[in-house]
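Next come the structures, one after another.
Each of the two complexes below includes chain A, the first together with chain B, the second together with chain C.
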Partner chain A sequence: MNAPEKPRQKTRFDTIGKPRRRVDGRAKAIGQQRFADDLVLPRMLHAKLARSPHPHAVIESVDVSRARAHRGVHLVLTGADFPVPYGIMPVSQDEYPVARERVRFVGDPVAAVIAVDEQTATEALALIDVKYRPLPTIASPEEGLANPEPRIHDYGEQGNIHRNQSYEFGDVEEALAQSDRVFEDLFFYEGNTHLPMEQQASLASIEGDGKLLLETSTQNPHYLHRQLARVLQMPTAHIRVIATANGGGFGGKCDPGNHEFVVAKAALMLGRPVKICLTREEVFYQHRGRHPVLMKFRTGVTKDGRLTAIHLQTLLDGGAYGSHGPASTFYTGVLTPVTYELPRFKFEACRVFTNKPACGPKRGHGTPQPRFGQEVQLDKIAEALGLDPAEMRLKMVTKPDSLTASWLRVGSTGLAECIRKVVEMSGWRARRGKLGPGRGLGLACSAYMCGAGVSIYWNKLPHSAVQLLLDRSGQVTVYCGATEIGQGSDDVLAGLTAEALGIDPVNVRVVTGDTGITPIDLGSYSSRVTIMMGNAALQAAARVRELLATAAAEALDTLPDRLVFSQDRVFAAEDAGKSMSFVEAIAAAEAKFGTIASVGSYAPPKPPGKYKGAGVGPSPAYSFSACVVETEVDPVTGWVTVPKIWVAHDIGRALNPILARGQVIGSVYMGLGEALMEEQAFRRLPPKLSSALVHRNPSMLDYKSLTSLDMPEVEVALVEEPDPNCPYGAKEVGQGPLLPVMPAVANAIYDAVGVRIDEVPITPDKVLAALARKAKGEAPRVGPESFPGVPYPQATFVLPPWEGGDGNELKGRKAA
Partner chain B sequence: MMRLPWFRWHAPRSVAEAAKILAGEGPQAMLIAGGTDLVPNMKRRHQEPAALVALRGVEGLKKIANGAGLTLGAGLTLTEVVEARQVREHYGALYQAAAQVATPHLRNMGTLGGNVCLDTRCTYYNQSYEWRRAIDFCMKKDGATCWVATASKRCVAVSSTDTAPALIALGAKVRLASAGGARELDLADLYNNDGMAYLTRRPDEILTEIVLPPAAGWKSAYWKLRRRGAFDFPVLGVAAAVRAAPDGTVEDARIVLGAVASRPIVAKAGELLAGKRLTDDVIEEVAAKVASRAKPMDNTDLEIYWRKEVVPAFVGYALREVRGDDMRATRMRIARQAL
Partner chain C sequence: MDAPTNAIESAAARGPATERRNVLLRLRVNGEDAEAYVAPYKTLLEVLREDLGLTGTKHGCELGECGACAVLLDGEPVLSCLELAVQCEGRAVQTIEGLARGAELHPLQAAFADLGGSQCGYCTSGMVMTAKALLDRDPAPSRERVKEALSGNLCRCTGYQQIWESVEEAARALRMEKQEAKP
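Up next is the complex of A and B:
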């Protein structure tokens, strides 16, 4: 028999680490899962939003009388019905459910119709008369910097700059001056969108007790709950938000959506259920996807390939609203120092408003862009110094339990092992540079957070909470506000609870994402759920286990800490013959203590950085990834084929390996799409003829994303370097493995045909243009040619830990 | 979801009945077969027919007939065309073209006749009504300007059918029936180089059959350029058919380009190739000459100058495959599937 275990330090597992069918797999595979658009209630009405055809205009009047008179229309809402603004971040409360005075992009809602059916509501949209006074438009951050007027918003740093910031950790100019070599490179990362299979849908209704219920495809029911209370001016406790099963989120369902407020308000006013389902085109307008980012890297190195300093500048195209922008702006730099030892670091970032759908968080939130630049630049540096890119990286990976120059604490790291794995699997040493003409291998690495260390709104409360309820029937129900968005969080919750109690996961009932029932979890974003919900679940499980152990020990005539919980039974450690079933243990505990329940909660550790802004970037743990991509490039057409990808991910511990691998392969899929084709691009018509500024391709046909036929074989290695801050050591896997794919593709193309494409997507026309330049003896490169003058502010100067800093800003210190 | 406008629905059982209904309804009526092109277009208000005459129930349109050549009913689904043994064995270009239309689901619904009559496409046109309102519409529907070429008097929407270039290269004729009678014409003559009036079919006519001549001695191939291995319309289609003597000397040849104009472009390949063998030099020379006929506009996916630049490569792929080269690896890289 096994030695008695302490639940948190378990090393031998019944459930963890074994591939299992996920708990929600059956319903999803057979079509039983009910998504928001599957919900139907008696007397349900349908809503549609009227949207602006102008990219930027003042609303002079909205006349809804004809629409209101249309047969079958019950209600028409306008901006006048929504006086209170909202926004996911406290510093960017700049959106209204329906625009009040101003429209800021083509697709901004100006009115809402609620009617007996969708057809009638659609017909009534055409009967709404809006008078607009068009304003000049801003199509890019460069235009926004050059044109402070007209301002898209009357708040922000200055003109059309939404956020503008600068941080310097140690004297970077000094370090660059003392470097053997300094490399300067410009990169551009085009915007792209999440493209979840499920379009957002919401159903609002009034429950029997008169309170509002909103069932909706959201990743963050808790934040939405708070925003609903604010906008509707109702007590939060009178509102219940249920996050329905999400058919994919990827960050696109993190922000509250206009449609969610509209159906909630309409249901309250009409006393009838009101539903909306966005069209695919509307999902492109809701967006909140990857920011287009222009980047400049000045990187100093020693001649043996060690970094001395990086000066990173980024310029973000924010779109028309704040969204997560303040965080996104930070994320275009804050994780840069996590992968490799970097003595000094300067990071300047600027986000500009433009008349396009708002950008926000997409899988990797702000970090894929600088990761692309950094990893491609490292490839150039390795070549210039005559070093193997894998070896160069291996020599400078960050150490476990270390601090970065910017005061982030790196706990466990399996990055070196990830690099070794992909080098081995891909045959890197034998094959790189030797595959023959037009074929190549490229490598890149990355790091990502396992949950943001600080909540979106400032508070000292737990980030996740779990409640466990057991009864004599043997039922174990675990409640948590966490949200299943397809990533498998319900399965993580069932698996961890089952492991901690020594029972089969099928005996755990999972109730999640319901603000009316479940304790608060902040939501499915920043790869936080496994770590935060998981730690809360283990705490709750340990507490009920103690109750069960106390009661079972009496019955088995042993001591509570001499018990083993395994295989749905409770054993005496010394004598396996002395045991009782888990159900009997519950009954014994219920008899002794009354109803058996417990709670658990989790808050991340306090970050070591103390300067203002140090709250973005810290995480309980970081995951690491490495990737090798093989490419074939046709020298005549520039056509790029990717036959195979190898990826290794340091997951800490794989709770359910089949699910973890799925997340890795899904990340590779999304990353490869971004590398090769995805772009949320816009079209401006000739200004003399038209002021139009429209999305080029708001449909699933025209917005290009990989089909299954375009997907290469992916070989996955899971590196398990358990992290003490994480439940059974498990780190994130939902976002990190996406990050190295794009730069590895670019580096592989260079290895294949010797051209640098310093921007994504890497399309065949760019490859062919670079090949033509190469043939003419010009620089074999396609990418941005210049970086505009951005009025970055004076840097907040912080000394790195090894230069005697204490994590605070050093006031009065110069910035170059 | 996007909703359809209101319309009347007719479900005739025969071509004659359909033709009679069509004549009675007048030009406000439209034919619908698989609906894979028309239904999304109606949702976007590209077409707002007062009545639809459905051809799905007309059994007479779903026949495959052998004779001197092959006659294909216009109502055959693309999947049925792909699975037809005669097509696969003797009319390779048609097989390869039909197999690359859209996706399996759409091929199960969409018909050969529908693909031949496919509405021309343009990135300023294939958008919702609300999107088009935001650009004040375009010449092809509801507006006055061609936003692709603002000085153009003519709509430059793109012929995006895969099967038509293949069928024209194979020498296809089409039969049209109306209440007034029937006629047969070369498929090439079904098209105008005008993005709006792109078909010479009269509104009261029904495309009933596609007639292919005997394939003896001919070899053919179709190569499609698109971003992905499925789903996408062509941004270039190259169909090549060659009849050669046993020693390889070309006796007759046809090369047709798709998706580079408002109609399929028939290159004078017979004159260029007759009497020559398909050597690498000849292929390169012919590819350059044929490519000069391609006049892509900036109204499809992928970059315009690049699309023009790669035409010779794709003509070369098609001719090399016809010559008998092993093109499987290249095909796999371009089409992402074996064909």
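Up next is the complex of A and C:
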């Protein structure tokens, strides 16, 4: 009987596609939403971390005796209390909750104080005596390449190189040699940080059954759960992690944080609740944000503007720890072939350790940097070939259900429609190049994945699981480990469950992000939640629907597959007069089958690529975006004003259009901030203050982000090409629309004043420098001038699908 | 020793600097009298959250940079992280918890919930209170006026647009209410 599967092919909806108050909207509007730092428990103590003032040093001794003796201090922890390292990725277990022998950036924790209140803990920090032996600081990837010693870590490829890799899909040099034109360009993307409004906070306590509970602002309770068990050397099942509602994540709360292990350990040792909340300055040093990336693109084209090959080289500034670095390194290249047809592709990437806060995943994870380079280079290519940048792109968008040279499967795509939409909305054809002095339009496109096809730790298990429990009271409770970070995942879960069961979403109770109660979902990263949790939810809902339909059919004297579930009722399809309430249907099913519950789970399809490394990049579906930005550039000050942005996003289907539009505009906002001002940059303190490498602007005042006054109006088009791999066709929307913004800004600045700023952020000083060069008749460009010699390894060579490849590496085929 | 009569007096009458003694603070919070013995160094934000249990007011920086902690002090929007609590003795404080009319949301709250003005919700309390101060003064603000009034409140989720729309919708609803209230 296939009736229960039918709801997944629904095309007429009660809930989906209709603007609706999100399920957590009320709590947030009245201040009732409980974030981690809002939690208070009786006898609660407070923790503070002592942090290294040195960017790189050996810890010779830590004397905490004075701190321990301070009135009100209950416990002081040092590296000696934490013998086991951790790290989000199995290949980068290189961090300790408190540093043991070495500090690797200014801000590395060296001790933790647990005291009666924050004030007392802060006082005690000053009583900790740490003796350091400073080591030379590695401040940049170039310095890291030039100085294999001292090694920041004793693992990695060599010296201070953390990851180093090379892939070649078809003979790229041959393709470049046969191209009509080859363009070579360098780009630099400065690092920036998530800046969530909520500072990370955690509360650890011991529950009545003696087990550990950690309530914490995390995007990934599941991965944290595993790492806690590892570090604390406890059975995982004796630990419960509750991801409290996150006050913004953007990737910054994906890594386990030192503070989370510290409060957990302290609570276990003291038998009392222990809370910590990071200061804003600490959040800047916790970081795990956008990697600074230097890029070199060598791109071959035909004279009519089709790509023949790209040779992309990237160099990442990884900061002091591995974090998600191995994945980040891949992401600086693997999605490059998804957007446009690209017959051959070579991708070399290198991540270097430096003595700065670790970089990691931020919205778009590793892909905004090469997207910026590629889309600006395409603008240059279009100009050189005398082509319209929109038309050129339209002619080469990837086809639906095609493979890339690197063996990624592109399923549905609405990119062409996205381009047409933004061209139309912005008046591109009539206005580009014709707006007058200092004003311009720029266009760019992008693609993003709907969930990573492979888990962070290798396994064959589901990526998301949902449990559904119904009872005669009419209560429908849906449980999932997914994590609400503001993006609306709880609302997606309620909306999909409600739609599948034909009930009002307000009648669905959502329980999420609690490893003690909810089935496992891998977390809020890689734009995976809607697709993976959603598919699991639809499977669970289909299973209970089958039970309800069987019981209801008997009562209504019809067949189960002739029933319609809608508006909190169950109808006989041929006679709407024959119906019962949804609550009655539950009772009928409960009488017939016993307690009504179900589970659903989801694992992504197996990726077509079989070469080692093929696991990064595959996704059940890809979203696509196109964007046009308008700029006004003041030639006297170099100030760039953006009066308007048009963006079209191929979302597959908008589940709740209010939330979908919010994700698009929010992405555009964050991308515009990265384009114009946001930078996580570092400086040396003056020699009399130690010369230490410190964050240049670790405050919300000095780290510039767009305010309400800076933000332009954004006109959004949602392109809905339902994807068969996605729940009711819905693809991701939380990250993709950020990607085209930065290159579109750069391209619009070129249209406005004829200068190329080949790096972000595009600050007024760079615009002025480029304008000055232009006035002197020099190349009107600001950007990186050279790419260092990186010892990339010999490439893993794989033939593209159209050259007879089978997705495996071709060994010995070609020397790099 | 006589019990201190108010926060400022008790702060002044406090013992040596090393001695921690809380002081009595009296406020009028959301229309009700509230009093607590609080550490004299605490900000209004800390007293609201830690001593009065009103955690609806958030902190994003505790340095006056982000606006998440905005409350109304005698009707004026202030950053509660920059107000020393003892200096608020006897004054009226309105927080997000005091905005709803019983179980019914204030039009600003309803609009933020319905129109995407709130995503993660962390900036929402400060946004809503700042917007309340604006609408109290200007019931029909222009878009530019809304943008300006909220320019001290950072939001990292929304890109502000749905916040502006929420404030404008709430302004319309409040004007309607006022019309209907007229005899």
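Things worth noting here:
Note that in this section the second predicted complex is superposed on the first by the 802 of 816 C-alpha atoms of A that agree within 3 Å, B and C clash if a C-alpha of one lies under 4 Å from a C-alpha of the other, contacts with A are read in each partner's own complex, and residues count from 1 in each chain.
As a convention for this text, a contact is a pair of C-beta atoms (placed from the backbone, for glycine too) under 8 Å apart; a residue touches a chain by one contact, two chains touch by 3 or more.
In this text the structure is predicted, and so the values were computed from the model without any measurement.
In the superposition on chain A, contact is made by A:T279 with both chain B and chain C. By the touch criterion stated above, A:G31 is placed in contact with chain C alone, chain B being left untouched. Shared-chain residue A:Q119: touches chain B and chain C both. Of the two partner chains placed around the shared chain by superposition, chain B is the only one that A:D765 touches, whereas chain C remains out of contact.
Looking at the shared chain after the overlay, A:V668 reaches chain C, while chain B stays out of its contact range. Once the two complexes are laid over each other on the shared chain, residue contacts for A:G208 go to neither chain B nor chain C.
When the shared chain is aligned, chain B comes close enough to touch A:G638, but chain C does not.
When the two complexes are overlaid on their common chain A, residue A:V694 makes contact with chain B while staying clear of chain C. After overlaying the two complexes on the shared chain, residue contacts for A:K704 are found with chain B alone; chain C is out of touch. The partner of chain A that touches more of its residues, comparing chain B with chain C, is C.
According to the touch criterion, the shared surface of chain A, contacted by chain B in one complex and chain C in the other, consists of residues 119, 279, 699, 701, 706-709. Here chain B touches chain A in the complex through residues 1-3, 123, 126-128, 130-131, 133-136, 145, 147, 150, 227-232, 301-303, 305-306, 309-310, 313, 333-334, 336-337, going by the rule given at the top. Residues 21-22, 24-35, 37-38, 40, 119, 194-199, 245-250, 279-280, 485-488, 658-659, 661-662, 665-670, 699-701, 705-709, 711, 713-714 of chain A are the ones touching chain C in the complex.
Across the interface of their complex, chain A is touched by residues 39, 41, 49, 53-63, 65-66, 68, 95-97, 99-100, 105, 108-110, 112-125, 128, 146-148, 150-164 of chain C.
The touching residues of chain A, counted against chain B in their complex, run 51, 53-55, 106, 118-119, 122, 277, 279, 281, 632, 634, 636-639, 641, 677, 683, 685-686, 689-690, 692, 694-699, 701-702, 704, 706-710, 763-765, 768-769.
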